[in-house]
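Input: structures, listed below.
Next, two complexes with chain A in common: one pairs it with chain B, the other with chain C.
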Partner chain A sequence: MIKVINLDKSFDGFKALSDLNLNVKKGSIYGLVGTNGAGKTTLIKHVTGILKPDRGEVLIEGSPVFESIPIKERIGYIPDDLYFFSSYNLKESAKFYRSIYPNWNQQRYEHMVKQFELNEKRKLSKFSKGMQKQAAFVLTMSSMPDYLILDEPIDGLDPIIRKLVWKYIVEDVAEREMTVLVSSHNLRELEGICDSIGILSRGKMMIERDLDELKSDIHKIQVAFKNPAGDPYQGLNVLHKESRGTVDLLIIRNRKDVVESVINKNHPVIFDMLPLSLEEIFIYELGGGDHEIESIIF
Partner chain B sequence: MRSKASYFSISKPLIIENLRRFWAIPALAFLVYFLSGVFPILMSYSHLNDMASYIRMSLANQQPFYMLAHLMFPIIAAVVIFRYLQGVSSVSVMHSMPFTRAKLYNSSFLSGLILIAAPILANGLILLAISKPVYRQYGTETGLVTDTVNLFARADILNWIWVSLIIAFVSYAVAVFAGIVTGNGLMHFATAIWFNFLIPALYAVFIAYFSHYLYGFDTSANWAEFGMKISPFLNVLQTEGKFGVGITAFYIANFLALYGITGFLYQKRKLERATDSLVFTFMEPIICYLIAFLGMTLLGFYFEVLGESELYFYGGLAAGTVIFFIIGQMIVKKTPRIYNMKSLKSFGIYALIAVLFLIGLNFDVTGFERRIPSPDRIAEFTINEDFAIGDKFGAYYWNSRTLYRNTGEEGDFRMKDAGNIDAVVSLHRSLIDNKGRFEDLFESSINVYYSNVYLRYNPDSAIPLTRRYRVDYDFFKNSPDFKKLYESKEFKDHYSPLNLNYISLTGISISNDIPFREAVEITNQADIHELMACLDRDFQAQTFEDMVSLKRPFAEVAIRFKYTDENSDTPERPLENSATYRITESYANTIQWLADHGYKDRFMRSAADVEAIELFHYIKPEDDGSPGVYVQEAPGYGYVTKEFVTETEGFRITDPDKIQKLLDTYETRNINYDDYYYGVIFYKGSEETLPDQYYLERYGYIPEPAEKYRLESSAYTVHLYFNEGNIPDYVLEYFKNRENK
Partner chain C sequence: MFQIDLKSRKSIYEQIVDNIKELIITGMLKAEDKLPSVRELSKTLTVNPNTIQKAYRELEHQGFLYTVSGLGTFVASPAELAADEKLIEEIKDRLRENIKELLFIGCSLDRIRKLLDELLEERSDWNDKGN
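== the complex of A and B ==
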């Protein structure tokens, strides 16, 4: 598993990460989300052993990542901004990867090259951005990493390739218990894949929860009472309330059964309970005024 | 705990990959070395002696293409190999791979070493394979002579390989250091070149300041040699491609230190600072201040040359400080927006440091100027000046090292006598005590005959104490300390003609300035040795005053001899040299010998031989051109024509008694260049001496009599001078009357 404990990092006086904790269970897919400049890439660079923490620890299977070759040999990393040796083609790059990653799987590499229809002999610098991402993915997955770290990997890929990429990832998670940490702004996509979510804001971890648990904790309800007696929502953690005529629109953070029990006590005329999407949870947790929430959620 | 071995770990795949990626660098370097070194040799292989000088120059690493390659290819290799550090994406990806920082650094460093060593070794092997004896040939009167030293020996080639590798490796290590402390490719390349010359440049700058401020600082001492030694690239220019054991060890130590320090800094490098000018914030003020310091110095000394007062110098320093500090800040901050309080504060700090530095120099806080070693700590010393030693005893400066026996390797005579040591300490003290006098004299508008006096204590010590003082002739000739030194037995024994470094004496020529008097040539060995013995007796008895007197000599004796030089390329081959001695009237034995052999009359100056002497009084024009001062423009030293003499207002003397007196007392140079009496002696019989045929052959026509003087005036005339105290009264009276009209 990946564990980050009380991580601090500053750049020239600017605190990029502050007392940050993160846990990624083995064999799970962890989605790391946050606003622009929240510190996602900085955090990822610590997990991949690029940066050294100012304070705190970054551990994989209990061992520090920084300067650890045995751990790095098991990490596959695809950054947002790709880099290949200049003038190299895919075949030459693969040769280099094979020489430094002991778990390299040549068969998988050849299979993936065919499947992604990449020209091995063409210079990588001549590939389009999307094809470069595919090439990076092929190389990384062929090294059979136990830990796959992806920083906005899906941007620029067409839907078919996207599906293929996730297929490989999910299969490796299922078959090899590969652990995945993925950062992305495509929350809809993450919602369908991730087991757990971490929401980062201004260098701090705001929420870190299993996705199901996260979704089960917060609800959007639409309710109307004929003759409400007193406060029909007493006992509930109402995060937001808006009335449109007799209909109330609320966001409540409580367990579903608790919400149902309280609301039903007052015999509502209308009672609809809808789970919030990850995107909606993100927007609500990380800010935006009421009008923004309204326009998106309601 | 991390093992020490991990600091030296390398990644073979990474090295192989670097070699594969950057093979073009050694390929190009190989071509440069090959086409500028091996190829010309192969083209002339059948007659390689013709290429002897070129081969020698190449193997001494003084061939420009070699030197360019030794510097630029290591820098280029460092820039491309470590370029991954200069990009945000590249630095992330490379450090995410299964390498430690040490492994990445070591592997990259080693890759570069291989890339730059390979072409040198390859060309070296080719040179070894094609080497064969090559000798320099030179023409002499008797025909073509071939040297005996093989210039294309395997030992020389192996030395070239070794020295080339040292230069390339040190340049590379400096360039790698530059890459670790900078954040982008342009800064890396620029600082790699700059850093390779920074220390010698700073050294030269400090020497310039010391020379400007510190009385007695000697820039001609081994400062320049020491400064050049710091960089192997520069040192090879003065050592003809050979490095001693000590200096080699120094360069290797430098290389290892740079490797270690750079490796340490790599561990500390903040990868997020890729693309910044400098990666380490502590270096920002250092680089900025260095730029400001060098720029300040540049402008300061430039303004000093333009202007006449110290104000120009300080004005230049101030202007340079401001301008180059701004430039430095822009470079290190990578932005033109540096006009803020932080920069102002930094400027204030720099300005304070600069002011303290200048004040420290101005007031000699280290006590440099007054430092004189105690006599009991002086084992030996050297003293040189151009009044006597440089002018009277050493005929050719570049042969001075081999002129006399028991001379040091650098051509200096080391004095050890306790009495002389006391005298030189006393002299040194007097030079310091007279600082005001010399400064007043040389900073005033008075222009006098002077020489530099060089003192060097314990020359073989690690840092010998050396001083240089500018001394005027009057001080020199009246100095009791100089007198003591120059009349000492130690001095006389060294500079005696019997101590000349000869294996055989070729001949002695005796001549003086009387036109058309043939020189006396002594070639008989017995006569030579006899005359040498007379010269020695007279030299030993000669007083200091007589030695340094400006009075015209009776004659000059040039002793020609053969010698061998074990430090030359041809240690076995006899070489030729000569030393000249001024024979004054005090050389009684020598003059008697000349008389006994019938030569004396040839050197006697007689009024009967002189047609006239024309005297002039030169006074330097005032800058404001004030009227009422008689000014006589000095005639060109090239020639004086009879018409010129009659047209100008010289004092023509034809009285034989007066002419004789002038002939007996005239001096050979002036002391005060701004106000002096000089003249021309016109000897009789000039027109008959050179036949018309001579003019026809030399000029293509036979000129008129007056023009004959103009064309061959040096054959007919002699220049003479009179200095204060030696000017005849009637001459003074004549010019005083004329100037007062």
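== the complex of A and C ==
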């Protein structure tokens, strides 16, 4: 279990994270999303024990992560900007990883190198960006982490490798109850894999919820009335409204049955209800005030 | 067993619930058949095991499946399916939409009634299990 409590962090007077809370359950795949500069990487660097909190706590299984070797041995971390020793090839890196991570699985490493078709003898610095990512993934997964922390992991990977990467991750979650924290801008991909979502904005956690619950709470509806009387949407939490001729398009934050009961009172001739994608939720929750964004998208 | 459509508006959780339900309703999965374990299904579909767990739990709640701890998850026999009023209401809504469409394309009420009777006739071999 990863728990961040009231975390504050400033850099040269700039408040990067403020009073931030995060809860990742054991065996869960948690997606961390947020606008550019929201503090995702800073938060991840706290969870991996690289940065020291100004205030607040960062705990894994109840103990502080910072400078804790027994916990760090069980964390696998792939940063956005990869780092390899400059003259090392994959084989040498694997040797280094093996000396650091007690749970290193040589058999898995050898299997993965074959499966990803990586040349063990070539210098890692000569690898392409995508291949370096693959190498980092092979090394990290072979260390059999209990906590896998990924910062923009699928950037620059082709669709076939992406699928393989997710397969490995899901398998370890299913088999060993590995806990995953993953940040990404690829919301569609996250939506397909995560069970919990945290939306970060300006150093604060805006929303942290079970993904399906989050989605069952916000709806897009298309509705038309023959004889609209008064305000047919009274009592609903309308986030956005747009009219196209006689058809209204609304984004409503209410439970499905509440929306249905209010709308059906006025006997609509058209009433379609669609769940929102994570991408749309993201835009409405974070870009709500920005009308320019809205008018481009809808 | 079935495929997950990532482009669908339906969530993966709903897709799993609906797919398994369909397999049971069409008889592809029969009463007492064993379902793949959460782990197995998660690996075959590359879907988060927590999502599958939740789908199984929902299907159990709706009476389609039952779990014996240590043995796995099985398909419940239809007799044990208590007609869920909410579910019936949902299906009724779908029928209402279909009837609206039939009326719109010029079907008379009598014709629709005949259609429904025909469809019910097709299912006359369905033995009513005490409901």
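One rule holds for everything that comes next: the second predicted complex is superposed on the first by the 287 of 298 C-alpha atoms of A that agree within 3 Å, B and C clash if a C-alpha of one lies under 4 Å from a C-alpha of the other, contacts with A are read in each partner's own complex, and residues count from 1 in each chain.
The definition used in the following text is that contacts are C-beta pairs under 8 Å (C-beta built on N, C-alpha and C of every residue); 3 or more make two chains touch, one makes a residue touch a chain.
Just so it is clear, the model here is predicted, and its values are computed rather than measured.
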In the overlaid three-chain picture, which partner chain does A:S277 touch, first (chain B) or second (chain C), both, or neither? second
The residues of chain B that touch chain A in their complex are 2, 11, 13-14, 16-17, 21, 84, 87-101, 103, 270-272, 281
So, in the complex, the side of chain C touching chain A is made of residues 4, 6, 9-13, 38-39, 42-43, 46-51, 54
Given the complex, residues on chain A that touch chain B span 11-12, 45, 48-51, 67, 69, 72-73, 75, 77, 79, 81-83, 85-88, 96, 99-101
Residue set of chain A touching chain C in the complex reads 27-29, 163, 166-167, 170-171, 173-175, 188, 191-195, 211-212, 215, 274-275, 277
